[in-house]
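Working notes, beginning with the structure itself.
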Amino acid sequence: MKQRPAADLSALPTYGIGPRSPTWWGTLGFMALEGTGFALAAGAYLYLALSWPQWPLGAPRPNHWPGTIVTLLLIVSLVPNHMLNRYAEQCAIMPVRIGLVVMSLLGIAPLVVRWFEFPALNIYWDTNAYGSMLWVLLGLHTTHLITDVGDTIVLTVLMFTRHGNSGRRFGDVGDNVFYWDFVVASWIPIYLLIYWTPRLG
Amino acid sequence: MKRGLVVLLSATLALAACQREERDTRPQSALGSGEQPAPVTTLEPGGERPSVSDNKAAAFEANAFHLSEGKRLFNWFNCTGCHANGGGGMGPALMDQKWIYGSSIESIHATIRDGRPNGMPTFRDKVPDDQIWELAAFVRSLGGNAPSSAAPSRNDDMMVHPSENRLPDAATLGKSP
Amino acid sequence: MSSSDLTSERDLVPQATPKGDLAPERDGPRDTGLDDATLHRWLERTWRTKPGIIGALSSVDHKVVARRYLVTAFVFLCLGGLNAVAMRIQLSGPQRGLIGPDLYNQLFTMHGVTMMFLFAVPIVQATGIYLVPLMVGTRNIAFPRLNAFSYWIYVSGGIFAWASFALSMAPDVGWFAYVPLSGPEFGPGKRADVWAQMITYTEVSSLAVAVATIVTVFKQRAPGMSLDKIPLYVWAMLVTSFVVVFAMPAVMITSTFLILDRLVGTHIFNPAEGGDALLFQHLFWFFGHPEVYIIFLPATGMVSSIISAFARRPVFGHLGLVLSLIAVGFLSFGLWVHHMFATGLPKLGASFFTASSMLIAIPNGLQIFCWLATLSDGRPVIRTPLLFVFGFVFTFVIGGLTGVMVASVPLDLQVHDTYFVVAHFHYVLIGGSVFPLLGAAYFWLPKLTGRMMSERLGRWHFWMAFIGFNAAFFPMHLVGLWGMPRRVYTYPAELGWGNINLFITAGAAVFFLSFVLFTFNMLHGALRGAPAGNNPWDAGTLEWATTSPPPSYNFARIPVVTHAEPLWAEREALPVATGLRVDARELVISTVAEARPDIREKSATPSIWPLFAAIAVGATFLYSIFTPWAVVWGALPIAITLIGWFWPKGDPEDEE
Amino acid sequence: MFAAFGTTCVLLLQGCSGWQSALDPKGPAASELAWLIWFFTGLCALIWLLVMIALAAPLAMRSRTRSDPLVLDPGAEHRKARAVWAALGATTVILVGLTLLSFFANRTLAAIGSDAELTIRVTGHQWWWEVRYENAQPSRILTTANEIHIPSGEPVRIIVTSTDVIHSFWVPSLAGKLDLIPGHENVLDLMADKPGVYRGQCAEFCGQQHANMSTLIIAEPRPVFDAWLNDQLRSAAAPVSAEASAGAELFLNRACVMCHKIGGTVAGGTVAPDLTHIASRQTLAAGTLTMSRGNLAAWIADPQGIKPGAHMPVVDLNGDELNAIVAYLEGLK
């Protein structure tokens, strides 16, 4: 088939940040499916809670303090997270490196506290369905948290290498920031569900 | 496509060596098998007794289907009445690592079939032999003596103790008598 | 769509954006002004799949991956078909002793699982992997390594399931594996775990493909392909991918809950400890109903493409069809309960789901009406693909109408879980999806192989498939109403179902033979067929603008789209864009709505790491049916392979 | 094609006389549903025919010779749009109609059992049905298995549940199906217009012997039913012959007693069907075999050959023992 040149794209930039980049949309896609998974797990919890009048089945209330500390840590981490995002948009390598180190530490901190959350549930997964659902919800979010912290640490190391100072890498940092926001946002409803719905009844 | 088939075939061949998960509902031929293994003495203090040269043990002790059938029969025949879900009551506990008459499936089979002093009745006529083997295999799994890939999972009942497939493996812990 | 809405080419001039304080962009040769032969040499060197076994295993070309998917899915179709033949032989007469219940239960479970998870979903996604990048005028799918990874995971899931079948430990609990039958107490051994983990493999793979497809359609469309110019097939794949993203997590949650109950003793489905067996059904069907549309919607896109080519006009009601696709996508999430009418749900709630199930018939009806209107201009060109579309309308309308019947709560109580339902969903799935897929095979395989399939054999194939299918499945409606439940391995002679079942088996044999003929026709066509040329059907969409089979880089120059049927609108010369690098895998990223060119982004280079990652992930899934610790031990190899996958290697593609 | 439909039509007529057929209703619920099925089928067939005419019509036309596929006749497009809108409107009206129809049919079904006198509790087991006739007086509660006698011409309330996996209770000639779900109790009201025997079958896949889990509903006039119930409430008949007495002895000392119950003896197992009046039933093993001396012997001798996977084990009995047990069971009318 014959062709005729109709547009010259040579002046286009070679990377974009945020919704301009396909990676951002890919990240959004994975958030959508993980979010659906969380929503369904939470839905399963509520389904069981509403089917049994005596919910939470005589179990002791969970100790909410470790969970609350995790929540506070996660919310506090949003501030450096968004500062990091601004630096990434400006392609400023040193502040981005520092920001990533800070975010790695702020990712590990809630994981450490998370270790104490499981015993604070005051029930085992095999005691009854209520215990099972608590462990499932907490386990799901913990997996999520570990994955993103691992991701952040690898990215931090990467930014200290010669590959770091490139537009695509700054785009990756932006996507990492975006994903961390999701990790924090998905925790809030799970936190309320685990620690505060048993206190309602 | 060829590559896929080759992979499939070789994987199949490799796995064919593994134990197949059979569900043999009629391990011995139905009619006319008649012969029961020769009766053994009712008294066998402690330790292993020589195993019956019958490959029943191998067919039953690591087969998931037979183990789960054994678990069902354990409840149906009210073994829990004395042994209380394995924890022990009127009869001895089955979950610990103490075996008065030996922990091999042959010994347990003999115990169920012939009975033991101090209250264990004989089930020789009441329970068909294959079902005794199934029960024996299950009883072994109560103490963590069955491979966890074959041991039964929890029942849809009240939770009384962790299910047999979650018990620490008695053999690897060196606790087996 | 009228031809008046040509995009002005002035709109396509890119706006340069200011950049940060980066190192100056390294640059390479551009395609501007290169003659065709030089351009081909450059692009081929940049985009080809490297020779050798390592090269083949590292390929990230969407066409290579899609071909593998298609062949693998076809193999699974044949295996699933053989399952069906075995079952039909057992059921051909009352009290036949050929197959015992233990094997029979594994057979029908493997049939369902294979057809749903290893054939239907992968093959519609594979068709999309092949066609969507071509139809939107780009050089590769978005996230090509993820795409390659998805194939390896899919094929390992399939091997896992079939290896377990060979070992007589295939799942025997039905493809929806209801608890408690599949639960810890009544499903001894690893059979139900095989079901649960096989689901995980295939869902991971189809979720990955769905995300890649969505991003390809959103961000990689050729300059000028604004939302109103996207081909209907691409719309169908887009909506399907969204349905996958929101439906598949449900079944992964379901199978995870099941495996937790079985392996670590949670009580999620144990009513004695506060769980509920019905929760499983809610979760499963929240996925299970959209699943039907995941299989059906891509087929509607194929039907639109085929009808448009042979009716020799754009499909009537393009906008209406797009809206009905979206409506079906949304509504498909609101009717899962109609699979559970017999569970004794509150009557009023069930009636709500009758209404919502009826509602989805409206957009589906609209699609049928639009196709009929498209065809009504005059006698279309009758070729094999169009014959299969006629077969599709014939059978799918029956399936749709029996769907309306089963949507009615009281009526469903008589036909639920009987052969009536078996007939219904085979009419929907085979009529609604396999017939269009067969049509699509005749339509698009010339693009893949560069050669035409035989028209004469094609017609024989069509009539055998059509007659065999209807003879096998139509009588099932009746035998279902006469009281024959599904999933029975035998039935007593007194009930009088013998003759009709023999007839059904004969029909199934004819249907099966039609696939033998099809296989022959495909192979014969691929090896000996007449050369196809770029556009054998004189169709209007972009995949026909390139050679058959397409080169590794798809298009020598990225097309600029001015119309929904670009090849019909630009018959003299296709407008194209220039200015892309030829020494690096560069493709055009455009804006979501208007498809204005925005970025020249690099596409990932071939890599062996997706295969390694798939092996690590697959091994973890396999091991996790034995111990929950597999997830912990597996995390390390998975992490290592993922780092290998994403770590920059210093290619030009990585650095900018 | 036509041959296929012709054959199926012939077969259709043949099948209408089945005793397990939704198209051969013998009670008000099934009649309502059969009417609904025929109405839906008729309407759907009509719609399908119209679509097929619309699909085939262009084949009869001349082929279009338009060279440019993008040049369309605006007038024709306009007419098509009108036709599509009209079809869409008609679809909507029909669907609303069908939704209302099924809603009212549902209400009719719900009204059937509102004044049922008799309540029967059916519990599903792998792979048989436990049947319990509820009564305020504990001594008048009857437990039996696999065959459900009901009085004809009056509504009966059936409460269904399960102790193992999910089953589904379905007697097509009398009513639609309802699932037996562990942890749930569902209520099904049904009524047989006339005396007769109606076959039902488990309709939810429940494991190895799903295919051989059927039941008989035996509808009898009220007096016959009452007599049957009183008869069943009695203890088991004592063995009359020497062989039967030997059989009773064997029954109580061998594996049988571990699972089965025979009223009036020490056999009190509850995990398998109650055999107190087994010889009064028409079938064996949940409808797998018809009741006869030979089938009884065959079933006891090799249950795993007849119903592989069933929970009845192969018990080691010699020929005399087998005959004795059969003689005893045969007397349990």
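So that you can tell them apart, the chains are marked A, B, C and D in the order they are listed, and the count of residues begins at 1 in each.
To be clear about the criterion, a contact is a pair of C-beta atoms (placed from the backbone, for glycine too) under 8 Å apart; a residue touches a chain by one contact, two chains touch by 3 or more.
Everything numeric in this text was worked out from a predicted model, so none of it was measured.
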item	value
Pair sharing more residue contacts (C-beta pairs) when A-B is set against A-C	A-C
Chain closest to the middle [Cα centroid of all protein chains]	C
Chain A and chain D: spacing of chain centres that average the CA atoms, whole Å	51
Rounded Å distance, chain A centre to chain B centre (Cα mean)	47
Chain centre separation (chain A, chain C; CA means) in Å	30
Euclidean distance of C-alpha centroids - chain B vs chain D, Å	37
Chain A, residues touching no fewer than two other chains	126-128
Shared-contact residues (touching 2 or more other chains) in chain C	102, 180, 185, 261, 264-265, 267, 270-273, 276
Multi-chain contact residues (two or more partners), chain D	182, 308-309
Chain contact graph, described as a line, ring, star, complete graph or other shape	other
Complete list of chain pairs which touch one another	A-B, A-C, B-C, B-D, C-D
Touch list for chain D against partner chain B, complex	182, 253-255, 257-259, 271, 301-302, 304-305, 308-311, 313-316, 318
For the chain B and chain A complex, residues of the former touching the latter	154, 159, 162
Of all residues in chain C, those that touch chain A in their complex	9, 12-14, 16-17, 19-23, 25, 30, 32, 142-143, 146, 207, 210-212, 214-215, 218-220, 223, 245-246, 248-250, 252-253, 257, 260-261, 264-268, 270, 273-276, 279, 282-283, 286, 534-535, 545, 556-558, 560, 567, 572-580, 586, 588-589, 591-592, 597-602, 635, 639, 643, 646-648, 650, 654-656
Complex interface listing, chain B residues touching chain C	1, 4-5, 7-8, 11-12, 15-16, 18, 20-23, 64-65, 67-69, 148-150, 152-159, 162-163, 165-166
List of chain A residues in touch with chain C within their complex	1-16, 19-22, 25-26, 29-30, 32-34, 36-37, 40-41, 44, 47-48, 51-52, 55, 57, 89-92, 125-133, 135-136, 146, 150, 154, 158, 163, 165-168, 170
